[in-house]
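So that you can tell them apart, the chains are marked A, B and C in the order they are listed, and the count of residues begins at 1 in each.
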Amino acid sequence: MAPSVTPALCPGTDWLCGKYITARRSDIVLALQEHVSLTVGAVLIGLAVAFGLALLARQARWLETLILGGSTVIYTIPSLALLAIVVPLIGLTRSRLAVLFGLVLYSLVILVRAFVTGLRGVPPDAVEAARGMGYGPVRLLFRVELPLALPAIMAGLRVATVSTVALVTLGVVVDHGGLGNLLQEALDKSYRFEALDAALLCIALAVVADLLLLAIQRLLSPWRRRSAVR
Amino acid sequence: MNLPRQVASWLSDGSHWKGSDGVPAQLATHLELSGMAVGIALAVALPIGLWLGHVGRGGALAINISNVGRAIPTYALLVILFVAISATHRNLETVIALVAFAIPPILTNTYVGLREVDPEAREAARGMGMNGGQLLRKVEVPLAMPLIMDGVRIAVVQVIATTTVAALIGVGGLGRFVTDGFISNDPGEYGAGAVLVAALALTFEGFFAVLQRRVDPARRAGRRGGRVRAAPAEQTPVAALPAG
Amino acid sequence: MRARSLLAGAAAGTLFILAACGGTSGGGNGGVDRNKGSKGNLTVVGQGFTESDVVANLYADVLSKAGYKTTVTKVSNTELVQKSLQNGQVAVAPEYAATYADELNTTINGPKAASVASPDLQTTLKALKTLANKVGLTPLDPSKAVDQNAFAVSTKFAKQHSLKTLSDLGRSKVPVILAAAAECKIRPFCQPGLEKTYGIKVTKIDQLGVDTTATKNTVAKGVDQLALVLTTDATVSDAGLVTLTDDKHLQNADYLIPIVNTKKLTPDIEKALNGLSAVLTTADLAQMNKQVDVGQMTAADVASAYLKTKGLL
């Protein structure tokens, strides 16, 4: 009665399976899209929040200790546990937000430190000179301090982005792990080719993001190159 | 929200502290897996980092290669190793995945630490007739020690937090309380799992803080502003990476 | 300076566009456009094992056909599924009548409440309806498709200890590691039932999932000894396993049944899901599971192909 089963794409023990990529293209693209959007969203929000926290940390010694200490505690919380705690609170259909929330929190660990380090590394002479030229605090921040802190901030941003790409996979426990969803299927069904493809895509994504940020960093700080020529 | 109360009551239930599923047993597994991973990572990354830092070449390449280790999600590596090897050797697979994660901070910090040694100190040592080995042992390593220790600290704390992920392929450790608790919807249990892992990681964090103060007299005397240092941006010693 | 901020703006803009295009996850839509419906959004949740995901996709497809926009998601935390169903975040979930009746029963009447499930479908259904209504849920018509938990061992292990039934395993006193989902630890028909009804010594649960390839392979290789499988899985013997007879009838015949949040329920939904339940048989289900597990198709594709052959799409 029942029609016969379609032949398998490839034996699960194969590492390479072209047919899998063709047959599952739309799934792979969806997973990739989710992975990228979660990463980008988390890093952008993380940047904004980290900037705010870093400015706050500058106000007082105790605030800085509190904020940096707090970020140390965050990175010791296992992300799986964080999801387990947040998802039931905000609901299953919003679990993608829970994943995003977790990713933002973890990105702060790196980004806040990067901002604080970068801003602290600004030479006092430069600040004095700008003040002498009549720069107000806002202009000072955006025209002098941030550009000078940029290398440290960008370095932190790169690390945060690469680690976020890796962390997204753990969203799989609530079905929002981007490429992690493919990894889960590979694990359940013992498909080597799918495990390999998903892992390679994760790495590719991290490398591309890192190179992209490196390029942006170069473009944003042309004086570094110029000074090398001089 | 009564999560803290649920966690407290889970932790104070004596039955959760007994048997092969109990807290002590899972804690032992957790420490065993983490300890092996850090041990292997140290054995691999320290000599390479010291050598490259000493000769002053090839460091950027080594760091970039080891950073690929960071780009591979631990979960991806676990799944790959699981489908590649077998369900029989899951502890081994977990250790390998964690090693890949622990190498980058140790390698990077060791290399950067050695390269940051004041060239004048090096020159002086050479002038005193020290050979390469003596220079490394008596000058470079002691001066680089704070950064090396920082790398080890980061590796240890990250690995402890990340060992949790192994529960996703059915390996033991404190992560079991997190996944079991999530699946059976017991907030007390997954909350307790989180608290236990965080407490363990913070314990090591504290341990290293004390240790670092011992090996870094400068820190003891002066700069008390915490651990942030103005590092050369291009080769920032690795920041702490959340992962588990 | 201006060029630089322009560039930064452009970069940020690109990132935002990338961020915006991240759509829903989990499987393609396999032939039916699930984003088109005009009658509102419905989320269907499966529990992350093959059969549950296939049926969730069947539901989503017939509901899309009936004019709804549907999303399929999956999560292994059944309690979370339950909570989301009750508060209406999730509209529909495929459940098993007997298992679900008991699950609701323990949720409502406490963990020690006596089982309400019965080998007789009508008795189970009656209990299920009463309990479901208490928490704002409505069970629709059960399908003809029956599934049951089953426990399998490797052929080698069976021969070694001469096992044919679960009672044999209990009598053998051989301690076993059970490959299953973590929640098996607390499900009355899983670890607790095996221990109480059969006296089987379960030393540990190896969390490899319900009836996954990993579960079957691990038991076949002898790392674990007992696998939680499903009677609708036709590949158990291919994996080198034999199912032990449930001679004391620990498991109830479990009919697949759509559970719907009562507030979300409309005559259209009822008609669509009942129409499906009227045709879905055990053999169909087994065949679809095989398409996914052996044919390596996605649950979504298998579901829509099936519905097309039945003229439901």
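Criterion: contacts are C-beta pairs under 8 Å (C-beta built on N, C-alpha and C of every residue); 3 or more make two chains touch, one makes a residue touch a chain.
As the structure is a computational prediction, the values presented were derived from the model and not from experiment.
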Seminar exercise, completed: So the chain most remote from chain C by C-alpha centre is B
Problem set entry | Chain nearest the global centroid, as defined over all protein CA atoms shown | A
Exercise. Between chain A and chain C, what's the gap in Å when you average each chain's C-alpha atoms?
Worked result: 33
For this session: Indicate the whole-number Å distance between the mean C-alpha point of chain B and the mean C-alpha point of chain C.
Result: 38
For this session: Report, in whole Å, the distance between the mean C-alpha point of chain A and the mean C-alpha point of chain B.
Result: 20
Seminar exercise, completed: Multi-chain contacts in chain B, i.e. residues touching at least two other chains, fall at 82, 167, 179, 182, 185
Seminar exercise, completed: Touching two or more other chains in chain A are residues 12, 88, 173, 187, 190-191
For this session: Please set out, as single numbers or ranges, the residues of chain C touching at least two other chains.
Result: 76, 80, 214, 217
Exercise. Which bits of chain B are touching chain C when the two form their complex?
Worked result: 20-21, 82, 86-88, 167, 170, 179-180, 182-185
Seminar exercise, completed: Within the complex, chain B is touched by chain C residues 76-80, 181-183, 185-186, 203-204, 206-208, 214, 217-218, 221, 223-224
Problem set entry | In the complex with chain C, residue positions of chain A that touch it | 1-3, 5-10, 12, 20, 23-24, 26-27, 30-31, 33-34, 36-38, 40-41, 44, 87-88, 91-96, 173-176, 178, 181, 187-191, 216, 219-220, 222
Seminar exercise, completed: Seen from chain C, its contact residues with chain A in the complex are 4, 7-8, 11-12, 15-16, 18-28, 43, 45, 48-49, 71, 73-76, 80-81, 83-84, 87, 89-90, 209, 212-214, 217, 283-284, 286-287, 290-291, 293-298, 309
Exercise. What part of chain A is in contact with chain B in the complex they form?
Worked result: 12, 61, 64-65, 68-69, 72-85, 88-89, 106, 109-110, 113-114, 116-118, 120-121, 151-152, 154-156, 159, 162-163, 165-170, 172-173, 179-180, 183-184, 186-187, 190-192, 195-196, 198-199, 202-203, 206-207, 210
